[in-house]
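Which chain is which? They are A, B, C and D, in the order written, and residues in each are numbered from 1.
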Amino acid sequence: MLVVMKNDATKEQVQAVIEEIEKMGFRGIPMPGAERTAVCIVGNKGPVDDYHLLMLEGVKEAIPVTKPFKLVSKETKPEPTVISLGDIKIGAGEVVVMAGPCAVESEKQCLTIAQSVKKSGAKIFRGGAFKPRTSPYSFQGLGEDGLKILAKVREETGLLIVTEATDNASIDLVEQYADIIQIGARNMQNYFLLRRAGQASKPILLKRGLAATIDELLMSAEYIMSEGNPRIILCERGIRTFTNTTRNTLDLSAIPSIKELSHLPIIVDPSHAAGRREFVIPLSKAAVAVGADGLIVEVHNDPAHALSDGAQSLYLDQFAQLMQEIKPYRI
Amino acid sequence: MLVVMKNDATKEQVQAVIEEIEKMGFRGIPMPGAERTAVCIVGNKGPVDDYHLLMLEGVKEAIPVTKPFKLVSKETKPEPTVISLGDIKIGAGEVVVMAGPCAVESEKQCLTIAQSVKKSGAKIFRGGAFKPRTSPYSFQGLGEDGLKILAKVREETGLLIVTEATDNASIDLVEQYADIIQIGARNMQNYFLLRRAGQASKPILLKRGLAATIDELLMSAEYIMSEGNPRIILCERGIRTFTNTTRNTLDLSAIPSIKELSHLPIIVDPSHAAGRREFVIPLSKAAVAVGADGLIVEVHNDPAHALSDGAQSLYLDQFAQLMQEIKPYRI
Amino acid sequence: MLVVMKNDATKEQVQAVIEEIEKMGFRGIPMPGAERTAVCIVGNKGPVDDYHLLMLEGVKEAIPVTKPFKLVSKETKPEPTVISLGDIKIGAGEVVVMAGPCAVESEKQCLTIAQSVKKSGAKIFRGGAFKPRTSPYSFQGLGEDGLKILAKVREETGLLIVTEATDNASIDLVEQYADIIQIGARNMQNYFLLRRAGQASKPILLKRGLAATIDELLMSAEYIMSEGNPRIILCERGIRTFTNTTRNTLDLSAIPSIKELSHLPIIVDPSHAAGRREFVIPLSKAAVAVGADGLIVEVHNDPAHALSDGAQSLYLDQFAQLMQEIKPYRI
Amino acid sequence: MLVVMKNDATKEQVQAVIEEIEKMGFRGIPMPGAERTAVCIVGNKGPVDDYHLLMLEGVKEAIPVTKPFKLVSKETKPEPTVISLGDIKIGAGEVVVMAGPCAVESEKQCLTIAQSVKKSGAKIFRGGAFKPRTSPYSFQGLGEDGLKILAKVREETGLLIVTEATDNASIDLVEQYADIIQIGARNMQNYFLLRRAGQASKPILLKRGLAATIDELLMSAEYIMSEGNPRIILCERGIRTFTNTTRNTLDLSAIPSIKELSHLPIIVDPSHAAGRREFVIPLSKAAVAVGADGLIVEVHNDPAHALSDGAQSLYLDQFAQLMQEIKPYRI
């Protein structure tokens, strides 16, 4: 249930609605929009009797929400969410590109890559300090030392930082150092981590799980948002199918699907989906053409020796070419 | 095994190579390229002793072919195949758009749609006269009457005609009336029909099966080509996965995958993949951006009453908009 | 729509119902059951006005059929269909085992295998004379010579014969020689072949396509049955998924799914699903335990040199062991 | 690399090998087997120079391990692992059945179900106190109160308890109350939780993720085992495919696949795979026939009002019937 306030409703009237909802045993979360505020009722399982709510001052209407997700839904908030970070705006029409290595290996490596991708037009630097790895015997990342290197990269280049938090210990550190906290595909339904992300002070980049439906991805975003963090960027990174010329199948239909259901921005990770260096540029062009709000791309100064987990990094000059080639599509 | 002839090899030298191959108990198929001819050895299962072949005049080299497909392979013929139909060239860089209704319903319906899509920029008219239907009780198409309507459309509008042949009876008729013969997804491994298509005088549009790998699609094209018809256009139309916001999952990675392995052109059918009218335009833009040689789109003057089998047709003005929106990507 | 006749309805009353249906512009197909006859209305798309039908003598009730398939549906015919071939009954509780090589290679090979599998308890001999192969360059079967060898096997051993028809040319020959005509997974939606199978005088073994839903499999059976051949045996042979320890994923849930929806018997092909010799016995036991009416298993006297297309044949003694091991489950 | 000790090697000799491995910069984990001990080297990425190791006393041989997993591998430990809990042995041939409701709802509900399933032959009681739910607004379990109810069930009935831990907070509590700690499908690659499970004093029931390959499931078990907990029970519970007559596709081939690769026991959850009450008994029979070491089944005294997340619970008498029907297959 969504209680939509009139355009001229006062703060006090919104507060009165929230209190009335609490009296009913539920929770009311205010959702300020461009023109008017709505109050979302959570905690109810069945229908809510809206009689008392409609009688409160400033209330325009009460809308039953039919989808299992509420806060992330377009029914709740029709206008697109824009995530502002300094002068970068994700979800506002511009295609924001995040680029960098799979793993933070050393300061020198990161600075080399960062300076190059910045020159090519990237706005945000990616690099893993905590790496979720299939094998317990694989390199698991530099940890906080890696985060310090990322902070250095920001200081030196002005690029913002996105990096993955893999659990409730690492998210405390990542929140401290990064500008955007990434939740990886394998943790998309790690509800404990999602709730913690919902209490974070930074935007969340939430990757779609390998076998997750669009509804499940949005329900995971709902977990984050229901804890109070509305700054969520979704990410399509390929689903698991029977195909074998790529590592996963990039599901570009996910972009219009999500745009239809949710107000959240969505970006595309062509590197992990393809697992093939040669396919990153054409898939990036397709992602921009289909309406993605951004890209996250693996780039390395020495891809042959990169510590990677399945994606193949672009060479620095290939990334420069990518930024050239997507230009005509960024309209 | 592929026997590559020198650039200046004569017709007689090529013929001598073919005869030598036949003496070895195999078959030699000449593959004329832009600069030189190659002779493909088929019928061998294990390695071929190339000693005698290399000693023949005009022979440059003998290349073992590692992929299961030969004739459709880029190893065999590195330059892209261009299918010329009048002044239309498929595979030459231009994005060729085929448009029309799912099924031929009446002359009036077809002419209305054809005149509109022609004005919007389509070059080829699509429409089914023989419809493969999941249910034996569904409308199975107008048959030859439908083909006559398609011929009328060509006469009146100048648009070329692509239509599906569903079996060895209908292909005789389709070959007579159409400019391109379509083999549908459900018949992708109907080898009898593929062989017949390989003997046809018209180009073949071969759709990828719902669960077909790229290798299997190329092997099916190999069936057609090994019978002597090199004019094949491949078509990606979505694969079957667990997703549920679209009817199938459009696998746009298939386009660079095929471009890497084969010289054949490939087009995309966003209508059947999506099953959703709203997604046809964004997926068409993505298809063009990723490098497809063309599109095949369902369009109807009255989509709500279209005889369709799962795809949702675009309205005439939506198709006009599609042609506008893909313009910047057709570079 | 299904018109159910009273238990004591006469032949003439049934005929009168069929004629009334034809006057309405549809077709009426009589479905004799153990206790009473039903008449199935086909050719209608929307609801049928049952007013006149209910007034005819001998009519008990008219049941709207909600599933897209009718003749194969349990709604139409609740009691299980039993396919009788001599004293073999498929679908009557006994687990009928079909065994033999992938391809007919020679008379000696077939007789060796046949005598062995007969001794172990198989009732039906399988072997391909027409082989649908992914590659046009692979062995495509011995054709009619292979069928003659199969006839010889029947003559010598008394085993019945099941073999695949791949197209409308080979089905004429297969119908002449075999006891059961197999339609392979790749032809499950080859509607031309299905219609021809519906006119055949022999039972049909219809294999599920790699990406076919249960509804689609039943619709394909409906094609056969709507042409007049009610003797259909379904076969689960694995579906295509992301797994990689087996060739395909054997979907044993398909057996209870089909038993719930249809009256047709269903058998299981563990050899093609697994693609692994070691898994054939455990999967056979599971298939029998889940309720399959039979098995079709690849067996060869010299598996290492078998002409096969992906399944791994059992050794003769492994098949004897399989027959022992499934005994406790055949209850 | 696996260092296999002679049958009569002393504890001191094993210790000396471990110390030598540590000098090389790696970690040595002793794996006591029925006849001899092996020491597994972890932490190495490339080949290890085994020269020094082979010269140590008591060392029989050094085996390079080719699979990405080591400790869980049959190469490392050929004999099956048996998990002993009181007089229950999982992996020793007997089919151990775990049964109970999806969620712990109340003491009365749990005791009613527990007494009934015990009478029918279940040895272990299942019931969720911490529920991972797709929606943040769904019932998330009774938490520690639920665990106390489970402890009461054990006290009253003598049944052992298995229940899920969803994160590093709940695992502390679950470890305290339960006999077996369940890690759910959505947490199969929650490495933080896996590591914590590896430090637990109780056996772990590790469920396969919806899109996990067999290798990935075993790698997750490797995480647990590399932390020191060798008592792991794997569980197949269905994978996500295109099928639609069941909630997921139960992949029974997983059982022989895992038996081939690993020494760990594996059980089957037919309830979550099928999502259909009617299919639980046939799939249970198939699971036992294919070689599963146990079953975990949802049972409820009032299934229509059960708090469930997609599986359909059996009625108490249906579970009694299941235990009867699997009897002939438990050989």
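Please note the rule applied: a residue touches a chain if its C-beta (ideal position, glycine included) is under 8 Å from a C-beta of that chain, and two chains touch if they have at least 3 such contacts.
Because the structure is predicted, anything quoted here is derived from the model rather than measured.
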For subunit B and subunit D, the contact-path distance works out to 1
Between the pairs A-C and C-D, the one where more C-beta pairs touch: C-D
Taking each chain's centre as the mean of its CA atoms, how far is subunit A from subunit D in angstrom? 33
On a C-alpha centroid basis, what's the spacing between subunit A and subunit C, in Å? 50
Expressed in whole Å, how far the mean CA point of subunit C lies from that of subunit D is 38
Note the residues in subunit C that touch 2 or more other chains, in rising order. 211, 240-242
Chain contact graph, described as a line, ring, star, complete graph or other shape: complete
Sort out for me which residues of subunit D touch subunit C in the complex. 211, 213-215, 239, 241-246, 249-257, 260, 273-274, 278-279, 282-283, 285-291, 328-329, 331
In the complex, the residues of subunit D that touch subunit A are 42-45, 68-70, 132-138, 166-169, 186-187, 189-193, 195, 209-211, 216, 219, 222-223, 226-227, 240
Under the touch definition given earlier, write down the residues of subunit C that touch subunit A in their complex. 240-242
